[in-house]
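Look for chain A in each of the two complexes below; its partner is chain B in the first and chain C in the second.
After this line comes the complex of A and B, so read on.
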């Protein structure tokens, strides 16, 4: 938890109260200015980061697949209220199982202001697949390279700058368990949302003929569902024959889903505040 | 501008897809992976592999084909032994305290001249129900949950999944079912929710329908009490806790066997199909956070489950008191219903009171033992609750004709019978189908009736009971 903070010499700024301020708000989400989604592979410490930020005691466990629903909480950072949505841990967003669908639907249709992808510093290569899939959906992504303490114990050195440069988005080393790097992470998130940091997500382009196919499909999707973000991603999924996306298009769900997602969120928040747990 | 129809988009996508060269998906996936590899290589430098080696050595041992299963059994045995031996003393102390408080309350009500039915309803009904549930449930949960959460935090659960994977596969089920089964030990409703990690709907249904065959924490106290009072009491005092723990472990194993059997049966009949492959990650062992373990296990689990049990125990206590005090012919209503159920109960090696207790306890299985005790006592045997094991033994055996068969069959029935109301609701929510929720009840209840009927018949045939 965040109360046992490891203070490293380079982090004086974060611990200085005048610089940034983090206030845990638990489940009192209410009105909020910004929505942040927490995505990541299973067992990378998403729930631990969620707890550290919100002060909630969402159950954490050391087994993949522990979180199968969305959990929500709130915090205040630099006088702005954030709603934080903890998504189920997934290896991909191709929606094979229900937990993957929960995660994907929220990133796609919930339109969070920013998505933090929590990665395991000790298994970065495998984790990057999900990062790149999230980057396909949205430009507002920040990578949290978690479990830095474990990486150090294992003798691994992670160069976050190189990672950030290659991915085209901020990459922040953190240790959610001790609170190390959390303020820097939130600062990076705020800058991405405010447009102070311009992200240039690395995207796998595929073959030229594939690119042409995508470019032909995108305008049609935009015409069908005006204002839909991620039209490019939807086009790619359609070309891949994704049944879930096909269904969303024929049902007209594409248009409804944005408003429905919002209603669900309100209901869910109410339920959380009544039960106080999941 | 002409309007565009959804089907136009799909048709366009279809035709574009057909024009693409077949390998375009692989092409994208391949470049995704190679890109990830390149980036990771540039960003990560390794200087030593020490810790990694240690984790691997431990994993080789706990997931080895020879030692994997025995280690698992030993760990399960230790957890249950800790629970049994610790809970025994604490339960008795709590029962003594709460029953004494009940006496004070009852006397006070008598002194101020409260009507007999009010005193009876409040102190012999509602309060006694609560006192029983707390003394029977709190101690085992307060020991079991922290121990279970410790193993969970450490990262042992995925290793369990690894060890049991092949057995689930043989049963035509998903290997991850072992994880949801493990969660079922805590609470079956939680286990049912956890099945969301299983991708295939077929295998997920199997996992949902069979989750109830592992005893949840609400049912452990029943098993522990019966194992301690009946099975272990035949052995010297020094080893009773080991015998009791061994009995509970055996019952748990029977539950696991039934999980496999039923999974196999389902996958061969209504839920036909092949087991799907999956990758299971063995996460690194992590130093458990003791503060969090205590918080999670005590607040999120123990208090939560206990509170739920208390919410059903209070009305159940009231109902029992009413049933026991509403006259019906020569006897009271509780007696009459129990007598009516008795022939069927005896057929299963149980009795009418036990079945009535199960009916009253449908909202929460954990209150079965308290309900049963109160009904036996309501027959006018005793005023105070029996707090020691010897007193319980005396009440059941000498007072109500229990035999070892009754105890064994009640343990089997507690293990196999229908899910509690919360779990049934959860199954409905997860499957969105009353059909499957009903099937889950029919399967479990059918198994429970069948198994207890068979054991009772065999025992009687062989002259054991």
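After this line comes the complex of A and C, so read on.
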């Protein structure tokens, strides 16, 4: 399936609730032009990259599931202001632990302009599982192959060009600790957002039966939760027997999640604009 | 084809090829996410003082598993 982002017809916009929510998200209004999500396995250096980009000195180290929420900061690149959201480290977006839910819900419903998946160059294969999962949700993905210094120390070479070609999205080697490759990474992110780089995420097609089942479910989900950005992903989750998604759909929680995520973003933007004036 | 043994029965330094994952549901999914799939080589590096948990090496990284979890994975020696 092509674009996961909902394009709303303008003639219905004024009265459509999805449109008002989109406006209130405060992503394009307020103090930020763009929102970037940082995803990745635990201990791949997301927070190091977050700190390198925002100049903040918080949020390094691990802490247990419950207290983990998203950390947010801002930076400017090529005269555009970015809001950076540092998500909890996860191996997957499919299991139901709380930190994974935070990451998943934001990528699904927070609709970042681009998601950077930070990967560990020394354990790339394991990390690519999450990359594939994020690519199922959104086309706006860039892989940061981090810890290149450690990889070199271990005598590993990473063929980022081939990786990028095989995945269908940019793959940029970086060392967040030293700043190596960070500008290239941001350039790649900007190009993905601006559509200068056309991504073609590698996706598992599945059997014709599977595709038929997905195609049957998608319209039903869209009917149940108008404005839902990732109906295809939810359909696949349903087919997989994901109890959490089943529950969210049957008891109407889905709409709540969508609007809650929007509200959080609005609150954040308001907070930032207040603090920005002080 | 040699017989499979439970993963936790490996000796430190011994390696095996994963033949079967006997768990279901969330645990099985987690195993797959961590690279524990059929045909993959796994090495027992060492175990904690009381024998549990155990440190394995798979797909280029270290993974700690409880004994009871490892017991659900079958490997063929070598």
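Descriptive notes on the structure:
We adopt the following convention: the second predicted complex is superposed on the first by the 226 of 278 C-alpha atoms of A that agree within 3 Å, B and C clash if a C-alpha of one lies under 4 Å from a C-alpha of the other, contacts with A are read in each partner's own complex, and residues count from 1 in each chain.
The working rule: a residue touches a chain if its C-beta (ideal position, glycine included) is under 8 Å from a C-beta of that chain, and two chains touch if they have at least 3 such contacts.
On a predicted model such as this, the values are computed, not experimentally measured, just so you know.
In the superposition on chain A, contact is made by A:92 with chain C only, not with chain B. Contact with neither chain B nor chain C is seen for A:80 once the two complexes are overlaid on the shared chain. In the superposed pair of complexes, A:129 makes contact with chain B and with chain C alike.
In the superposition on chain A, no contact is made by A:218 with either chain B or chain C. Once the two structures are superposed, chain B and chain C can be ranked by residues of chain A touched, with B on top. With both structures placed on the common chain, the touch criterion links A:153 to chain B but leaves chain C unconnected.
The contact surfaces that chain B and chain C form on chain A in the two complexes overlap at residues 96, 122, 124-126, 129. Within the complex formed with chain A, the chain C residues making contact are 26, 29-30, 33-35, 59-61.
Contact residues of chain A toward chain C in the complex are 91-92, 94-96, 120, 122-126, 129. Residues 1, 42-43, 57, 59-65, 68-69, 88, 96-99, 121-122, 124-126, 128-129, 132-133, 150, 153-160, 162-163, 166-167, 177, 202, 204, 206-207, 209-210, 213, 216-217, 220-221, 223-224, 235, 238-241, 246, 249-250, 252, 277 of chain A are the ones touching chain B in the complex.
Within the complex formed with chain A, the residues of chain B that make contact are 1, 4, 6-10, 12-13, 16-17, 19-21, 24-25, 27-28, 31-33, 35-52, 149, 152-155, 157-158, 161, 176, 179, 193-194, 196-199, 280-281, 283-286, 289, 291-292, 295-296, 299-300, 304.
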